[in-house]
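Multiple structures are listed underneath, in structure tokens.
In what comes next, chain A is part of two complexes: it sits with chain B in the first one and with chain C in the second one.
Now for the complex of A and B:
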């Protein structure tokens, strides 16, 4: 059975999304670090059973605490999985850092730009289409607590592919790091 | 071309550089007008306004807890059990042999004409007190506490409380975020222990778990205290808080390891979703019912068997001198200490409150709280700590009971309160 991992920083709504997708009842709170262990659930994508895993929030792939260790270990153990990177639309920078790390590890990634409502309230505008062009992976704006964008996310999970980090660097017109050890 | 496809990792700087370039193209930040949410956010974190606010919030929730639990317990279930269920059951099962009657219903003396006291607590049988305590008293207390905690969690207030208490908790080597496992433990110690995973170092986790297991009473215990000793509960909490901070300070000094600063993310305030709050309250309540009720029933059965066989008298007379000398507690409290291993709420319910002075009740309740953690919590300790830390926790527990109990005994003697 193929696997979908929900990853992202803490308190970006992974567990809310998990509950929505898997019809599960993971504990959800408004403070970072509510999920300290992983939860598994099931969902159907295009007629196929898929295992979906809610993973503790992690700032980066270098673990700082036990919950982050759980997250990193989970990612390493499931090489072929699709990773849904959940990003808080009002804090895109931080979410992108982790997303890039996961992309560099050659996982199939799809980005869920969650909390679109919060970003809008804060007058932050995120251009999802441009982000998709740059990264080369699907980017879906959503509000998981209200279920907005959920259908699009599910229908595009299959489009998640591994991409080259070099390609992303080229897309923003940079040469950052390309010169080193080649 | 001799390009080889390898997993190429950027350095952290290169990655941040790339993130910068991407966000410059993708994110547009417009002018931002601070609203009520922001005003509230700064009001609750600034110490001058935040501390009074925190006191008001916690007091409000405490009042709600007392009223809610009181409404169901005193207003409804005490009457159902006291005037209907227990008298009816004792009549219906009167023909049973003595030993069975004692285990199921309780001490026959409680049903004599001249008995004064509350049969709900005094009977002690599996079908009387064993059902009364979890369903009539404790259930409503834990529902109220879980509800309150869920609201605190979902609005985003907990991390702000953490910012406020950070200075104090840093003095004992813990991060402000330690308030989260502490408050969660007031509902139930089991998720409290799990919540310590968000602390960074092993030392902080060990300290937190040891302090939780020893000094933080759970919702079930609090419910029993609120029902049985409402006048003393403030003193109990104050004493436990002093113990928590004092022993935390000592542990921080003697246990090796670091207690670094942790950067903490404070999320924005959000309106809680009632469906989520109710779901959370329910799932925790269900866990309580499944874990606690069997142990309360088992505990009642064990105590009644010990009474019926006379074993309790033997244990009590063996412990009498010790209990009196070290803690100034009468031998009548033995039964309570015996079941304290199983369930502390039951243990508090079994204290012979009418036969003790206020100070003896106070010290007994404190002893029961810092006593061995309940079995479910102990199972969590085994899972989360290594053997060295488990031994240290048990050692800490024993030392605390004697030192803390002894000090309270001396204070009581000095004050002439016994």
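Now for the complex of A and C:
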């Protein structure tokens, strides 16, 4: 594994997670679009020194502004990287859109279901295990601001593998090729 | 009654019925797709952007894009 990329939609806590993982001091605020360029840091995974990149929030892989262009370009240029896809647990559907786009491009993905506390307060229960079954990639619930789930995320980063989008479509009972992007 | 998203009134709610071809992918990342419920949160005057609530998030759309989205409004 050469690099770890933190990707996700805006305001889901990528930079908080980045600071936790890299011990860095990226600017964090409760506004979407705080990170407009990327930040780089280093972290250790199972004794190995790995570069980690905090990428600006992007709604999809079809860029609509400068920050999203940076995000898409970073992903394209870093072949072989492991992508930590950060999702706001209270807005899973929206977050999964980007995650599935990244999975579809055959990147190794692990999903960080962040802000589990916010979802819980809103009475939203996300079945991480079931989601993992459906997607075939690791799904880790966490609260990055409190460091909850951080250890599990790091210990499972190596389990991230590219998966076939057709398999996921089959798992949810959809029809391949007709349901999305038609 | 069906109307364009751009024609919805403040606090009006509805369900998305259709999105003009070629624009679906543009708004899908924001959680906007057919069958989703939307609520008009803010309307700016003089063709300004609109803010709609969809799936617990607020998202802003330009008037041009909002006019490509058809909504069945409640009541």
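Operating definition for what follows: the second predicted complex is superposed on the first by the 175 of 182 C-alpha atoms of A that agree within 3 Å, B and C clash if a C-alpha of one lies under 4 Å from a C-alpha of the other, contacts with A are read in each partner's own complex, and residues count from 1 in each chain.
Simple rule for what comes next: a residue touches a chain if its C-beta (ideal position, glycine included) is under 8 Å from a C-beta of that chain, and two chains touch if they have at least 3 such contacts.
Note that the coordinates shown come from a computational prediction; the quantities given were computed from them, not determined experimentally.
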Original post:
Touching A:10, do we find chain B (first), chain C (second), both, or neither?
Top reply: first
Subject >> Partner chain in contact with A:42 - chain B first, chain C second, else both or neither >> reply: neither
Original post:
Between chain B (first) and chain C (second), which, if any, makes contact with A:100: first, second, both or neither?
Top reply: first
**OP:** Kindly classify A:170 by the partners it touches after superposition: chain B alone (first), chain C alone (second), both, or neither?
**Re:** neither
**OP:** For A:151, select first, second, both or neither according to whether it touches chain B, chain C, the two together, or no partner.
**Re:** neither
Original post:
Does the superposition put A:127 against chain B (first), chain C (second), both, or neither?
Top reply: first
Subject >> Which partner, chain B or chain C, touches more chain A residues >> reply: B
**OP:** Could you pull out which residues of chain A sit against chain B in one structure and against chain C in the other?
**Re:** 9, 64, 93, 97, 122
Original post:
Of all residues in chain A, which touch chain B in the complex?
Top reply: 9-11, 25, 27-34, 36-37, 56, 64-67, 92-93, 96-97, 100-101, 104-106, 118, 122-127, 130-131, 134-135, 145, 165-166, 168-169, 172-174, 176-177
Subject >> Residues of chain B touching chain A in the complex >> reply: 7-11, 14-23, 25-33, 150, 153-156, 158-159, 177, 180, 194-195, 197-200, 205, 264-265, 267-270, 272-273, 276, 279-280, 283
Original post:
Along chain C, where are the residues that touch chain A in the complex?
Top reply: 25-26, 28-31, 55-57
**OP:** Within their complex, state which residues of chain A touch chain C.
**Re:** 9, 58-60, 62, 64, 90-91, 93-94, 97-98, 122, 181
